[in-house]
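As written, the chain order gives the labels A, B, C, D, E and F, with residue 1 at the start of each chain.
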């Protein structure tokens, strides 16, 4: 019964349901295969956070993305 | 000063304020009684997450609920 | 399938297994009763942290406890 | 590569972008200075939560604020 | 820069370094492939918790494992 | 009453008590100053994790540190 929490930035309109399902399914199966425990128990919780709330090196991901576009 | 985080799926319109207050009060008092520490310090944070973001065994709770309704 | 995380300070030798079981059982049942969902799905994870790693108002719980004993 | 998560109540319209940037920058630099590791790696994630979901001593911050205003 | 936290029970002597590396690598690559973002940024943090601290339906995983062995 | 969680790798024998106190104090005061709320309420929880359990881009910090030393 692992609990897997995924915190990611919400970008380009956000993750689609298909992407989230694929991610959760893949993580659950990978965990199951590596540890030989049933995947039926894996809990995956996906949280998308605004790039205004996510900072790397003290700089918001919003600003980081802007600077990447300029380059 | 325990920190209790409750992450749950948002279903049927979401938890009401009364339900959340009852939950936080009950958890704080239970903690206080069991460990003999003042309940005034307990912090409870309740987060409701979309059933689209919550996966069990690689399947979204949205899908799990749909399948339960069919049965 | 709520995920309830309890982070508390490890004091007086730490919580006993009986205390932790009582806490987890009580929280699961309370959640189940309030939200009318089966308690069989509630996941409770209890973490005890050193009072050296837990700070309130910038002061470690270790120091807070020392000052409380003096008074 | 420390991960710093800040969970706070959303009050008075919420934290401004400037406040959040200042907080993330300051925490990253403080960490870097104390531990002598590059600040470029620090990840800061700020979450604001409704005062209806945040409880201290079993009482919502919403109620606590109301009672503080009366006094 | 997703932050992926894996909380699992420590069983059978605990996860080996090889298992943890495989898990982190696989999750990072899966995330990268699905969202088309570089895997170099993914942070994975694996925590193993005692079965005495992990409860499902109010019952410790320690007890659940004992009952499974009897059957 | 912000809850600030700091998850960092345990390196060079681990953070000293002085370093952790300085970090918690500084974060609490910074928060207080920026948001004009009392620092007495800030909760800071510092967790140190083994470099074997911390992965960046699918590579453990243990391995990253080894490769940095070679260079």
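Definition applied: a residue touches a chain if its C-beta (ideal position, glycine included) is under 8 Å from a C-beta of that chain, and two chains touch if they have at least 3 such contacts.
Remember, it's a predicted structure, so these values are computed and weren't measured experimentally.
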Partner chains that chain B and chain C have in common: A, F
Third chains touching both chain E and chain D: A, F
Recurring contact interface, reference B-C, options D-E, A-E or E-F [over half identical by residue number]: A-E
Distance-maximising chain from chain F - centres being C-alpha averages: B
Same vs different contact residues, chain A with chain E, by half of numbers used: same
Distance from chain F to chain A - Cα centre to Cα centre, in angstrom: 22
Between chain C and chain A, distance of the C-alpha-averaged centres to the nearest whole Å: 28
Of all residues in chain A, the ones touching two or more other chains: 1, 3, 7, 26-27, 43, 45, 54, 56
Graph class of chain-chain contacts, one of line, ring, star, complete, other: other
Interchain contacts (touch definition) - all pairs: A-B, A-C, A-D, A-E, B-C, B-D, B-F, C-E, C-F, D-E, D-F, E-F
Contacting residues of chain C [partner chain E, same complex]: 17, 20-21, 24-29, 38-48
Chain D residues touching chain B - in the complex, by the definition given at the top: 7, 49, 52-60
Chain E residues within the chain A interface of the complex: 1-9, 15, 19, 22-23, 26-27, 30-31, 34-35, 54, 56, 61
Residues of chain B touching chain F in the complex: 1, 3, 43, 45
